[in-house]
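For clarity, chains are labelled A, B, C and D in written order, and residue numbers in each chain start from 1.
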Amino acid sequence: MKIIKTCLSAVISSVLIFSPMAYADKWSDQFPHIKATGDIPGDCSYEEISKKNYKGKTLKINTHAVPVIGQPTALHAEQFAKLTGATVDVTHTPAGDLYAKAMVPFKAGQAPYDIVFGFSNFINDWRQYLAPVPKKYMNSTEMKDVTKSHVGVSSWDGTMYQYPVDGDRHYLKYRKDVIDNPEMQKKYKADTGKELKVPTTWKEYGEMAKYFNGWDWDGDGEKEYGSAEVMKKDDLMFAAFFSRSVAYAKNPRTPGGFFFDLETMKPNINNPGFVEALTDWVEATKYVPPGGINFGLGDEIGSFGGGQTLFSFSWDDAFIAAMQDDSPIKNKVGAAPLPGSDKVWNRVSGKWENKYNQAPYIVWGWAVGVAKKSKVQEMAFDYLCFFSNGANHQADLAIGNFGVNPFKNSDFDPNLYIDTMGWDPEIANSYTKTLKDMEKSKNRVFPLRVRGVFEFTSAVATGTSKALAGQLSPQEALDEVAKEWEAIVSRVGKKNVQEDYAVGVKMEDNKL
Amino acid sequence: MNFKQKYVFLFPGLFVLIGILIFPIIFVVRLSLSGWNSYNGLNFIGLENYIRLFTDDPRFWQSFFRLSFLSVTTVVLQYVIGFALAHMVWKDIKFQRFFRVLFLIPMMTTPVIMTVIWRTFFHESLGPVNDILSNFGMSPKWLTDPTLAKITVIIVEVWQWTPFMFLLLLAGLLSLPKEPFLAAAIDGASPIRKFIYVTFPLMAPISIGAIIIRLIEASKIMDTVYVLTSGGPGTSTETSSFYIFIKGLREFQMGYAASMSFTYLIIMIISLTFIAKGLTKLLLKD
Amino acid sequence: MNLIAENLLYKPDEQFHLNEVSFNFKKGNIYTILGRTLSGKTTLLKTIAGLLTPDKGAIQFEDKDFLKVPVWERNVAMVYQQFINYPHLNVFDNVAFPLKQRKVDNYEINDVVSKSLKSVGLEGYESRKIQELSGGQQQRVSLARSLVKNAKILLLDEPLVNLDYKLREQLREEFKNIFSQGLSEESIVIFSTTDPREAMELNGEVTVLDEGKVLQVGEAKEIFENPKTLKVAEISNDPPMNILKANIGENKIKFEGIDIDIPQHLSKLTDKNFNLGIRASDIELSDNGFEFEVELAEISGSETLLHLKRGDAKIITSIEEVMNFNIHDKVKINFNTNKFYAFNESGILASSPFGGSYV
Amino acid sequence: MGKLYKFLKYSFITIWTVFVVAPFLWALTTSFKDFNSVNGGATYIPWVDFEPKLEGWKVLIKSPANGGVDIIEPYFNSLFVTCTASLISIVLGTLSAYALSRFTFKAGFVKNNDITFFFISQRIMPPIVLSIPFFLFLGAIDLLDSLIGLIVVYIVLLMPIAVWIMVDFFNKVPREIDETALIDGCNPYQAFFKVVLPNSVPGLIVAGMFCIIFGWIDFFFAFILTFTEVQLLPVKIVALNSSITPWWSLSASALVSVAPLIIVAFIVERYLSKGNLSGAIK
């Protein structure tokens, strides 16, 4: 099948040389990065951008460290410079420092960068310093392809401040070679009396992880473990906790806020739903690899991607790492929606509802904006538009460690992964289906995007990590977080937080 | 000596320092009276930050005591080990130059980078330490046990900064006058007595200086904690400067972070003064 | 034209370093400042050099206000008790330093420096490093350096004190020679010392300093023979003059149960109680003397110093030979009564064997 | 000296040597690994335990568009900023230290020791908070993102160290040396430059070394105060921390960044060996 496709595309492209579409090859000769597709027509295609002349102008960009997002930024900068004659300076900054690196100059009234990369949940703090995406780009062919939820994540109350270049979400990654292995299924059934299948609840997840913890189940001579999770008390940790919380605490029948009760602005964070999730998480410390409660995202990726654990559930990276060409577990992993739960807390009635519940967490991910004070805004938007034009985006998707993930409707075509990346069709299908279903779900949670968001998330990280370390019980830890949240709300001003939070709730309640 | 030229010597340095610092220092004080954060500008909220700090932030004080424990422990260890090493390579030892240079090197590594190496070194499933220890049936939780994590931080700090003590003390030893040692030798003093009654007292002034400056530096312990544990597990390795860092650059509560820093500065100046006096009393008896 | 100081006062901390010091030094002479350690000698020399500025008082030299002249323009030279040289320069450059500073031409420098090195006995050492020299040689270098300048005021701050006995004797002789030939009529030499013998041998005017105060000024002989006060008597003798609380009655001097006939020169004393002074060298062992107990016996060179005690009276005597004593031995001594000094109860010399009196 | 003492001495030195060297050896071997050989568990010997790769080293010179960080320019930037700032700090710090060691200052209750402490106390403030004011300050004088701006800030970081070491050092150089120079006709400046300074080389070397070290290893200010024009080595290396911590390239960079300072260590050791660190005067 694959061979036929390759031959076919070879034939097609050889035909194309002599056709009017020969531009594709003109550009791909010059820019080998897009050799798989050639230029794809669009408002920001190579062809269109090459018509611009930015000679003598300088574009300054702060982006993430190489390679994730950082490398495509630098690569497209190089291409952009070649096409337009502009000078493009790129700085690379570790993820944790991106916020401060841009925020310090913003607050000081400066704009040392024309383009700043960050995360989508910076939007509320940053938007006053960012230029809204102009109409021209909103109507571009490239933008039209972006999924609705990613337009929502990039916008604040209908105005887009962040240019979509990447899509992020949390989903479940599992070892297909174990879960789908009949021998293992038999063994698991014999030992536990339960079916071994892709877990649909966190309880199942925990049981399986515990069962597959601490023994060599893939026969490589090393011990394997249950699950790799972001448990290190850093800036990403709270997201992992929210991913585990949505199943218990996001009730589609109680609109009006997941993190807070929008009306009263009372934190929900210590309600039984969240406490249940944290209890699960504390339990999880028993089936993570040694040192697992000090794992950051990098460790999680390394651990799952390196074949050390059965499960993992945060950003795409671990999955992509596992599917790299040189990975020992290439085509041995599967993607699935986050587990759900058999019960969900109803904060209105104050009771558990014994109904199956599952909710995708549209976690924040890479986002990028153009500084309001930038003197080269047009060039900056052209660059961003160029960054994610059809040809670049498809080529970027194919390179795992670029960190560019699907966010366009056209990205959910399994063939893309089968052809260009050599994925097993079954895996590609489950991957795209998982992502597509998240887009369709009506019971989603969007990231918290109120002002001073880091005070809130940092409090969550501190509280939950105390629970993970056994310093506090889950209830005590979350009570502490709730108290801290209330203090922050009163410091920031209830009205302000409420106003900001309403924007997110509108999306969650599918009203936008 | 007292010539008017003395000002020409002192003032360039002093004024350059003051010139560069006067604005930042005043600004920090002003900042500490504001609610400067991600959404507020440089407003004026009086002593609110300080009230919050003193009445409603046990975490700051916990981190401060943790810091005191960590910095005092590391500095004491650095001093003892540094002195021992300096004394050992002071004279008659083989490969003297080699050891002297070798013992200096850890100080020259950039903490943010070197600590990453240490993190991999102590990595509980992929690092060499537990790989070797597992042969003996041990697998200490270097970074995930609240107590052991503190010890790991101490180990890394000791590794990095013992050379500082070592260098100062070795330089001190090498510049000691010879006469007292001759006298001690004539008296037939044992090596231990010689150390207690001759070497140590002669080294007291330099020791005090070295300890104080190390305390100042150790109190800023931050990169190590950030990279190794991010203050975890829980809050068990969180120090003042790391907490200020979290509040300041992560949560962007700059006003509050400034008030913490200013308070911290005052506490440090006072306690360092006392420590310096105490050490002087302790080590320079006459 | 003289070096005149008036009421110099220097009190940087609780204690006086100089307390109303005045003097009048004339060119062509050697002056000795005699005083114990920390008596203010170095302070005084540094004040003259200009390294210290007194809190009060005035110094005049050649009719100019000397305090307004900075050190480097005063044309003084100074030798310290520590062997101070420039460690980064060799012997020649050390000695040549002040000349180069004055921009004297090289030819002359060579000439003057070799002459000066010769006079201190260091020919052939020109290119040696300072650290390679012995203490005595180092001190000669600094002496040579102070001589090449032809300074108007030469300050020597206990230059011999850190040398061992033999070298000290030798250098002292050389100093005397150098001073007697080398010094022009234009310069003033000021020599400070703790050693009374040194002061006597230099044979110039002596100023006795204690706690920053001038106690007595006079020819060395005069100070020796007629010390103005008890303090001076102590300072100007080595070992210090023995002082005994005594009283007079029935033509006897009485102390600690000892009765001695009053010598001629003390017969006119009017006070009943006084302090009796007697030099260690004026006490001798004698079988029919008074019994004292040995507290300590020190042998120094060819002498023996005996620390003796009787009741509250403690005296030191020197014996011109080496003898062994045990502690608590009883010895008998006699006083050379003609050498008795008498100081009144406030410590002022009442009568000396040489007829002096300040009462 | 007893045999026991000797035994203890050599055991201690051996243990410490192992402790000092271990992380470097670990970094060395790790620098030749890649993602897979790192995540397969701890391995030590190339070819035997794992297949060595040069990726970790290549990353340091590749351009970002090719997935590297290209540390060459930052390397020289770091050297330049560190050396210049150290030099200025040493010059200014040495002058101030000399004044504080030799002359008496008094202004109200402020005396020499207080001024010295003022200098040293500049190092107490946690850098996080100073970063914002420094940012505004450099912004106001238009020196953000420039080598000069960094040098200005580093002077504040380094001068206290220079002052501290040099005050200590000058206190050990007999003041009679300068006095003699003054008496020999030097004014205070000449005395300082012709006599005191030549005899202070060991102190200057040690102070210089500390300045260079503390300048070289600073990350924080370089991070906050530069954007695109100027990049210093530690900032550039830390930017290797993408989502995955690349153990291999960080290991290589740790070794690369410590290399120039080893030369410094040798220089310092030479001066130590000469034993004239205290001024060479009795």
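Keep this in mind: a residue touches a chain if its C-beta (ideal position, glycine included) is under 8 Å from a C-beta of that chain, and two chains touch if they have at least 3 such contacts.
The structure displayed is predicted, hence computed values, not measured ones.
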item	value
Most widely separated chain from chain B, with each centre as the mean of CA atoms	C
Which of A-D and B-D has more C-beta pairs touching across its chains	B-D
Distance from the mean Cα position of chain C to that of chain A, given in whole angstrom	90
Centre-to-centre distance between chain D and chain A (centres being mean Cα positions), rounded to whole Å	40
Chain B and chain D, separation of their C-alpha mean positions in angstrom	15
Whole-Å gap between the CA centroids of chain B and chain C	52
Sequence positions of chain A contacting 2 or more other chains	97, 100, 107, 296, 302-303, 308
Where chain D touches two or more other chains, by residue	38-39, 41, 104, 131-132, 136, 179, 182, 187, 238, 241, 245, 279, 282
Per-residue multi-chain contacts in chain C, two or more chains	51, 70
All touching chain pairs, where touch follows the definition stated at the start	A-B, A-D, B-C, B-D, C-D
Of chain C, residues touching chain D in the complex	12, 46, 49-51, 70-74, 76-78, 80, 82-88, 97-98, 101-102, 131, 142, 145, 149
Contacting residues of chain B [partner chain D, same complex]	1-3, 5-10, 12-14, 16-17, 20-21, 23-25, 27-28, 31, 81, 84-85, 88-89, 93, 96-97, 99-114, 116-118, 120-121, 125-128, 130-131, 159, 167, 170-171, 174-175, 177, 191, 206, 209, 212-213, 216-217, 219-220, 222-223, 240-241, 244-245, 248-249, 254, 257-258, 261, 264-265, 268-269, 272-273
Residue numbers on chain C that touch chain B, as the complex places them	51-53, 70
For the chain D and chain B complex, residues of the former touching the latter	1, 5, 9, 12-13, 16-17, 19-24, 26-27, 30, 38-39, 41-42, 44, 92-93, 95-100, 102-105, 115, 117, 119-134, 136-137, 140, 152-153, 155-156, 159-160, 163-164, 168, 172, 175, 178-179, 182, 187-189, 192, 206, 213, 216-217, 219, 233-234, 237-238, 241, 245, 247, 250-251, 253-254, 257-258, 261-262, 264-266, 268-269, 272-273, 275-279, 282
Complex contacts: residues of chain A adjacent to chain D	60-62, 64-68, 70-71, 73-75, 77-78, 89-95, 97, 100-101, 104-105, 107-108, 110, 112-113, 220, 222, 296-299, 301-303, 305-308, 315, 317, 321, 324, 326-328, 401, 403
